[in-house]
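Both complexes below contain subunit A, partnered by subunit B and then by subunit C.
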Partner chain A sequence: MAAGFLMNGATLVVGAALWTGLAPLQASVWTVFLFAGPHNWMEARYFLARMPVRWLQSRRFFLTAIAGALLLGASQAALHWAPQWLPVWNVALCGWAGCLAALRARELKREWFPALPATLAAAAFAVALPAMFALALVYLHPLAALWFLDRQIRLSRPEWLRHWRGLLALVPVCALILGLCLNKAHLTAADEIGFAIVRHAGAGLITNLSSHLLVSLHVYLEILHYAVWIFALPLIGLGAKPWTWNTIPLLRHRSGRPRLVRAILLSGAAAALLLWGCFLLDYAATRQAYFMVAVIHVLAEIPFLIRFR
Partner chain B sequence: MNHALAFLPLGYVLTVLVETPILMAGLSRHHSWRRRLFAGLWLTACTYPIVILVMPVLFESRTVYLWVAETFAPLAECALFFSLFTERRSWREPTVWRDAAAIVAANLASFLFGEWIFKS
Partner chain C sequence: MKNKLLLGLCLLPGLLPANGAMPPMISGDTMVIRHSEEARLRPILRIPAKRAGAKAVAAPSTNLPNLAGGLFLSAAIVLTGLWAVRRKRATVPAVAAVAAVLLAATLSLADIRLPTLTRLQPETRLTTLLSPALQKHAQLWETVALEISDKAERIELLLPPPSAK
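Up next, the complex of A and B:
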């Protein structure tokens, strides 16, 4: 099993680097079309499975997490019309994450203050270079999936950890090879979708790296992120098939919220189907709308990242 | 701004090198050596990014920037230090004033050092 995981993983890590290096725009279009919806659903499924039935002393943590994710998600969509508020939004994000870290530390009866310098440094960076901070989130967010997988392997397949860490070491090697091969190559986007992909990868902001390299790196990380959420984490982290819901504690337990959990999962599945339909109708507009609201799933990861450190 | 970002790690180390000995010597005996060393590292880590990255964006005039930054840094560091290490001491106690004076002196020294570097 570990050998199979290693072989499949290595094939994916190397194959994705090749594909994104050779055809980054096509890779971006196809991966977002195929996997954006399903990976969001899988994330929701995974987090629901990891959510405790009774919050007890974590009540304040979860209430802050949910309220913050909803507020920040809604206000982020509004930034599309008022981009001058981006620094404020960035600071709010850093403050929210810092609060969550402090609340978690209090739950574990640890000191809150070690998290403060990192929170303030991130907030300062977010004010000084707001667009760069947003771009950093775009590149760091896919890496969060690798972190989740690392935690999950440590929990449920500790004997795989050595193989997994070896596989993980391949990622920077592939990224470095992409960097060496593509730093002189520039992409010429022929249509609206191409321009959007190049802009999303930060080509307008980072001028000392080639647009081809930026798009390839971004799509490469996105593919790894999707693969982790859609294949690796369900395989080892759920303890059941993703469509078998009766193992979810929140659904199974007497004090759980079975209706709410079913509603979230069913509406999530419907949204993924709808997203496919909209992509088929108008890919460019759907992609733009998707990335406007996709921050919700990035925000949802933050409390769990802090919780499962 | 990219220059400020590139200077941040070096500036932090230099500030710590200037401020920590003053805090080690100046903070009251009430605090262990370990805590004094921690204060030297932690207080600057909290305020330095704001002074270097945020304040230049907010204040274009260098004079205004220096006044605001050099008032903010010691005040914020005193507030952070006392929020962590008050241990039910009253503000009337001389040790509290000595701690505050040590933090202000450390910031003053790093400001003068920074100005000397800036002008030379």
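Up next, the complex of A and C:
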């Protein structure tokens, strides 16, 4: 089993690097089309499975997490029309994450004070270089999936950990090879979609690296991120098939919220199907709309990252 | 140097009027590219307000984000120091490591203009914009100051003067 995991993982890590190196724009178009919706659903499924039934002393943490994610998600979409507020939004994000870290430390009766200077240092970066901070989120967010998988393997399959860490070491090697091979090549975006992909990868901000390298690197990390959420984490972390919901504690426990859980999962599945349909009708517009609201799933990861350190 | 190019001008959505008639998204127009002392720090893309379909607004102060960033970073340094002192177990290497990281972050924030100035050397990147061969085969990316002006009569891309090397 571990050998199969290793072989499949290595094939994916190397194959994705090759694909994104050779055809980054096409890779971006296809991966977002195929996996954007399902990976969001899988994330929701995973987080619902990991959510405790009774919050008890974590009540304040979860309420802050949910309220912050909703507020920041809604206001991020509004940034499309008022981009001058980006530094303020960035600082609010840092403050929210710092608050969650402090609350979690207090829950565990650990020192919460270090969260304060760390939050302020992040806020300094966020306000002085707001566009770079947003770009850092774009590149760091896919890596969060690797962190989740690492935690999950340590929890459920500790005997795989050595293989997994070896596999993980392949990722920077592939990224370095991409960097060496592609840093002289520039991409020509022939249409609106290509232009959006190049801009999303930060080619307008980082002018020292080639646009081909930036897009390849970004799509490469995105593919790994999708693979972790859609294949690896359900295989290891759910303890059941993703469509078998009666193992979710919030659903089967009498103090749980079965209706809410079912509603979230069903509406999530409907949204994923709708996303596919919209992609088929108008890929460019749907992609733009998707990335305007996709930040909500990035925000949802932050409390769980803090909680499952 | 004065070059005229026909520009298919795609106006940014933010420049469009919130109500009323929307100007056409793409229209043929003439853009003048020239060197200017005004662009010593960074190239300026100047668009007449009437062409952008918007009213000119005063440029926001660029010092405020740096000031806020400096304040946050200073507070982070002070609080880290307080924490290290309060936590009597703090070792000299640990404090030194934290101080080094924060100092590096401060320097990187203070130094943000240096790479920009290097990038904007007129003969390294922007003058190549004028190469027809390059226009066919590649795209270039550059940071420009976008200026909507009530006074300007034409669209201009102002490049740093050749002496700004």
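Heads up, the rule we're going with is that the second predicted complex is superposed on the first by the 309 of 309 C-alpha atoms of A that agree within 3 Å, B and C clash if a C-alpha of one lies under 4 Å from a C-alpha of the other, contacts with A are read in each partner's own complex, and residues count from 1 in each chain.
Just so it is clear, a contact is a pair of C-beta atoms (placed from the backbone, for glycine too) under 8 Å apart; a residue touches a chain by one contact, two chains touch by 3 or more.
Values in this document were obtained by computation on a predicted structure and should not be read as measured data.
Placing subunit B and subunit C on a common subunit A by superposition gives a clash between them.
Within the superposed three-chain model, A:I296 lies out of touch with both subunit B and subunit C [touch as defined at top]. In the superposition on chain A, contact is made by A:L120 with both subunit B and subunit C.
When the two structures are aligned on the shared chain, A:A128 is found in touch with subunit B and with subunit C.
In the superposition on chain A, A:C181 makes contact with neither subunit B nor subunit C. Measured by the number of subunit A residues touched, the leading partner among subunit B and subunit C is C. Applying the stated contact rule after C-alpha superposition, one finds that A:A105 touches neither subunit B nor subunit C. The residues of subunit A shared by its contacts with subunit B and with subunit C are 113, 116-117, 120-121, 123-125, 127-129.
On the subunit A side of its complex with subunit C, the touching residues are 81, 83-84, 87, 91, 111, 113-114, 116-118, 120-121, 123-125, 127-130, 186-189, 198, 203-205, 207-208, 211.
Touching subunit A in their complex are the following residues of subunit B: 1, 4-5, 42, 45-47, 49-50, 52-54, 56-57, 80, 84. The residues of subunit A lying in touch with subunit B in their complex are 113, 116-117, 120-121, 123-125, 127-129. Contacts from subunit C toward subunit A in the complex involve residues 14, 60, 65-66, 68-73, 75-77, 79-80, 83, 86-87, 102, 105, 109, 112, 115, 119, 125, 137-143.
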